[in-house]
Amino acid sequence: MTLDAHTVQDTELIQLLTPEGERLEHPDYPLTLTDQQLRDLYRDMVVVRALDGEAVALTRQGELGLWPSLLGQEAAQVGSGRALGAGDMVFPTYREHAVAYCRGLPLLNVLKLFRGVDLGGWDPKEHGFHLYSIVIGTQTLHATGYAMGIQRDGGHGTGIGDAALVYFGDGATSQGDVNESFVWAASYNAPVVFFCQNNQWAISTPLERQTRIPLYRRAQGFGFPGVRVDGNDVLACLAVTRRALDLARTGRGPTLVEAVTHRMGAHTTTDDPSRYGHSEELETWRPKDPISRLRAYLSRDGLASPDFFDETDAHAKREARALRDACLALPDPPPAELFDRVYAAPHSTLEEEKAAYDSYLAGFR
Amino acid sequence: MIETMPRPRSETLTLAKALNQGLRQALADDPKVLVMGEDVGRLGGVFRVTDGLQKEFGEERVIDTPLAESGIVGTAIGLALRGYRPVCEIQFDGFVFPAADQIITQLAKMRMRSRGAVELPVVVRIPCGGGIGAVEHHSESPEAYFAHTAGLRVVACANPADAYWMIQQAIACPDPVVFFEPKRRYWDKAQVDPTAEAVPLGRAVVARPGTDVTLLAYGPMVKTCLEAAQAAQEDGRSVEVVDLRSLSPLDTPTILESVRRTGRCVVVHEAPVFGGFGGELAARVTEHCFYHLEAPVLRVGGFATPYPPSRLEDHYLPDLDRVLDAVDRTFSW
Amino acid sequence: MTLDAHTVQDTELIQLLTPEGERLEHPDYPLTLTDQQLRDLYRDMVVVRALDGEAVALTRQGELGLWPSLLGQEAAQVGSGRALGAGDMVFPTYREHAVAYCRGLPLLNVLKLFRGVDLGGWDPKEHGFHLYSIVIGTQTLHATGYAMGIQRDGGHGTGIGDAALVYFGDGATSQGDVNESFVWAASYNAPVVFFCQNNQWAISTPLERQTRIPLYRRAQGFGFPGVRVDGNDVLACLAVTRRALDLARTGRGPTLVEAVTHRMGAHTTTDDPSRYGHSEELETWRPKDPISRLRAYLSRDGLASPDFFDETDAHAKREARALRDACLALPDPPPAELFDRVYAAPHSTLEEEKAAYDSYLAGFR
Amino acid sequence: MIETMPRPRSETLTLAKALNQGLRQALADDPKVLVMGEDVGRLGGVFRVTDGLQKEFGEERVIDTPLAESGIVGTAIGLALRGYRPVCEIQFDGFVFPAADQIITQLAKMRMRSRGAVELPVVVRIPCGGGIGAVEHHSESPEAYFAHTAGLRVVACANPADAYWMIQQAIACPDPVVFFEPKRRYWDKAQVDPTAEAVPLGRAVVARPGTDVTLLAYGPMVKTCLEAAQAAQEDGRSVEVVDLRSLSPLDTPTILESVRRTGRCVVVHEAPVFGGFGGELAARVTEHCFYHLEAPVLRVGGFATPYPPSRLEDHYLPDLDRVLDAVDRTFSW
């Protein structure tokens, strides 16, 4: 059986909430949420968008070296992030600020990284949220190995066990590491969920350069399920990720989730998207905004009062303000940070260098 | 359009623009020359070094690739086997490692494997070094890995004129060349005269003559050393600065001639001193100038740590003070 | 649409000649060969098996350092090798001795490599046969880049253009490079044929460790066709490879061919397959021997006389004998080989080393 | 079964068997220890270093992996993040490069990235070196790449006793360790006493005391240097041999103490001299022993060429004659 790339019809996109805010049902992805839970998802998205915007502003003002904005990807990140259990471990790229938020990692930690105060510096175990990975694709192997560790801990496959959830982008799917992680996950049937945020771009490189068929189909080539979900639909992202995590927990192995979304801003604050025709698309994507559609649903069905929206906006502003203040108050790291975090056990050669540099610095005092 | 393209006149260019001009010239001179990498086409590269080249030479010759460094270098080898001269861009120093296998086991070794039947005129451009306040993996200096890899040529440009000439010479070279570009000097300006006589690739130059001590540097540290020499002069010390330009091959005669004259030598690079290329320079100079040396060759460079967060990079990177401190130590030996 | 690995039914295996020597027709793969052509294919297989056996013997006698035998893979290699056109370029692993033979590369060149006289040393252009690649998977990217070069040469897609054919094993499919080559080939629609000889083993590692679905399906995940062929059926391998090359030549892009075969011997002469249960399988595979089935077909349908078989065996013996004599006559390389093949242009540092070593050697004279 | 496993008695073991015993002991002592790689399980490794371990400890702890080095090291990092202590085998030196990115950008840097929150007790075993008549990529010495990579520890064993102890120490170490095994010494035999007191990892040892010149070596070249020292003694020269055992960290005090005594130093390794680790040793020794040195530190090693076909490897590899020639030159300076 062969497949002609040019006749591939775009197949089912899981959607539970239309851009107009209409609620849909899907047999494979039943989802029942309380009104409170729905409002919480809305608040999450509004808050992270505000925090992200604040970080962009701080970068413009020279307080951060760089910021990769998540604008437009709030639903993909909040939906998947809220599907996680306490014992699960997330392996993010450098853009999963909303997932960090959902895991309870204070975003100041992320700002520290982009301010150049440290390289991440948080403890992954504390919030079940691994360090940001900047080298594209590397984290997919870490997540798969971590999942192999879960299998070896025992109690796995009972449904109560842990799982690993790894994020990566459309561009990352071209990296050898990502494909090797598919090989490993399939071979060991590891409890890992591969969550690909297809935001249509890898910096200036459009999706078409990386693949000529929908990315979720990559999984078929490795013998495990691939699912395509509307990445701007927070409910669908939640339901699809939940199911994938459940498959992992119950010993049914890995799943690839392709969340079809859009990077509504620049790649990072140093990028100039006007050079590669990114803006043309914005018109088609703006109506699909992840926040407005949930707001429409909440309002139309009276699940939230006008006050709620105002309160949420005010809350978000306060959070953003607090983040800014904390960021500006960050002290620079002392030179000792250079030497003291490299090795767990003493390393004589590095100690010699530290001693020499200390006495060099002393010469200036 | 290619035939009639006029050779650019002598003008003041940034290092980035000089590379751009050199690449444009190479693309115009030889239809087999290709430029490939992540975002090199429509965007013109994250540093704009390839700005406008795709527009001018087309998508078939200035190629936006999928996101994978091994794929970029591996397919460049294949293109070279079919008679092309690909110039690959690695977007940042820290991202060359996924391509390490293709560079070290294939690009470097294929000519020897074929007893000379196969030539691989492939250039791997790597923006390198720190000092730009970047995040992790964007400020590294991996030259030692490649200088130790036989079969490669490894060069580093330090100023716009060299950038313009060396990139064209690297592309014309029948052997694979790893080409380091000093990121933080991309915006430095200087006069570039395309009608001038170019220094051969592989030759070191005395960037500033002096009599008391020799500083050996390449890439981004050449400017730092020139500044240190200037400062030292004010304390009445005559410091010679040698810009190596090429690490493999190494222009040993030029280096030895200088150190034999001055009797003192300090090596400066951004990469960690430990196991770095400075060890080769120090060992070589000492072996050949043993009786000329008034003091051991001293090395100034990064520490044996990963590249630190940017708020610490001023401690990590050699600066004027650390270079002068080493110079002082060679005199107080 | 998702895919459950545990319910994957083994799909169509292209076969034109049964193990019993019965000729089958396949609508997609019509093949008409003259009796002479059929006998030539038989002779090819018999000769390469004899040459391969001679190399094994030479290794046992200490004349070669190592030999990776192709025993059992003659049909996959001769079938695909004979599908090639003069302008095509082959990118082999370290086991494609029969393809080398089909391309007209004297096998003595390959023996030189395994004797340690050189590292390959032939000119790929001369026979359209690239150097052996020992680092698993690397050559798939070379072939894909080469195919991109063909596209740029012009005249491509007319059907008369060249194509690249790259060989790799079942184990190699786990390497990042191989998957990246699939990404590139699909993205640029490059005229390359990926020929995977699935011989069931990667040294001691069984196929199941590398994949849980048939390997030809990997291509679907990247958006190009995958075909599964009986790798012990020389006619099917010829027809399937011809079609794939034709697709490439006519601008219809890459194809992955999975040739299902069996490594009937050890991985190499230094391997001990008895340690990992390889021998158990031999019983099931011996009846599928690629040579015996063609012989059965030729005899049954009277396409070849008994004399032909005897002459062929005698011819093979002579070839093997000649190969042995030439191998034993190989001179050791001079020290200059160490230095003179590394760079095309003078390299001063290496020249200094050569001069120093020359004078060192002179000290002994 | 694990609990009751008796510690092996003192016995004569090959280096390969000593590694096997050390791995078995580590697996028995700590249920978190894993062994993983290509063909390490059922086959017991192409050199049989992991022979019998899967049978004894099961497929969950002695893991046959798919064929991809980046995958092996990358998943080992993930296993370590979950609390395991993986020991990865790279089948041959020349095949470590596909894993270069995971080793250099991840394994080495993750602890610093996490400000110490993350520990990665991962061991990467690499059979290294030539002299066994192998084909391309099976005889290389890539230690310089890793010694220059901050965040890694790099060690090399040279004899069965060190093999037995060092592999266990490497596994117990909270930092990532690149562990080099001298392929061509796998079958060398020596007494191994599991009840003896082990030399700490990271410490160099004087393998043979002498007074006239110091040979610095590690891994496969230690034996060559000991043979050279023996031969030199017959010409009345007292040669000291220091087995470095660890390249990162480097036991500088032991090295300096020796060279200050002897006043002469020769560095020996199989890797190409150019840009090799010998440069670090020579530069360091010279800086700290400048006034003690009667001659410059000389380096003996491979040439700046890819590893040659095996029929030429005797020219490429340092042997007794080339070591003695260098020793002579240090005296005739």
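Some points to look at:
Labels for the chains are A, B, C and D, by order of writing; each one numbers its residues from 1.
Definition applied: a contact is a pair of C-beta atoms (placed from the backbone, for glycine too) under 8 Å apart; a residue touches a chain by one contact, two chains touch by 3 or more.
All values derive from a computational prediction rather than experimental measurement.
In terms of C-beta pairs in contact, the better-connected of the chain pairs A-B and A-D is A-D. Distance from chain B peaks, on a Cα-centroid basis, for C.
Remark: chain A and chain C have CA centroids separated by 43 Å (rounded to whole angstrom).
Centre-to-centre separation between chain C and chain D, using Cα means, comes to 36 Å. One simple way to say how far apart two chains are is to compare their mean CA positions; for chain A and chain D this gives 40 Å. Residue positions of chain D with contacts to 2 or more other chains are 65-66, 68, 70-71, 94, 97-98, 101, 105, 109, 112-113, 136-137, 150-151, 248, 250, 274, 303-306, 308.
Each of residues 118-119, 135, 174-177, 180, 183, 187, 209-210, 337, 342, 347, 349-350 in chain C touches at least two other chains. Interface residues of chain D, counted against chain A in their complex, comprise 34, 60-61, 65-66, 68, 70-71, 73-84, 98, 101-102, 105-106, 109-119, 150-151, 153, 173-175, 202, 248-252. The touching residues of chain D, when paired with chain C in their complex, are 38-39, 41-44, 46, 64-68, 70-71, 94-95, 97-98, 133-137, 273-274, 303-306, 308-313, 315-316, 322, 325. Chain C makes touch with chain B in their complex at residues 89, 118-125, 130-131, 135, 138, 140-153, 164, 176-177, 180-181, 183-184, 187, 337, 340-345, 347-350, 352. Interface residues of chain A, counted against chain B in their complex, comprise 65-66, 94, 113-119, 134-136, 171-172, 174-177, 202-205, 209-210, 270-271, 275-277, 332-333, 335, 337-339, 342, 347, 349-350, 353-354, 357, 360, 363. Of all residues in chain A, those touching chain C in their complex are 1-5, 8, 11-12, 173-177, 179-180, 183, 186-187, 208-213, 217-227, 253, 255.
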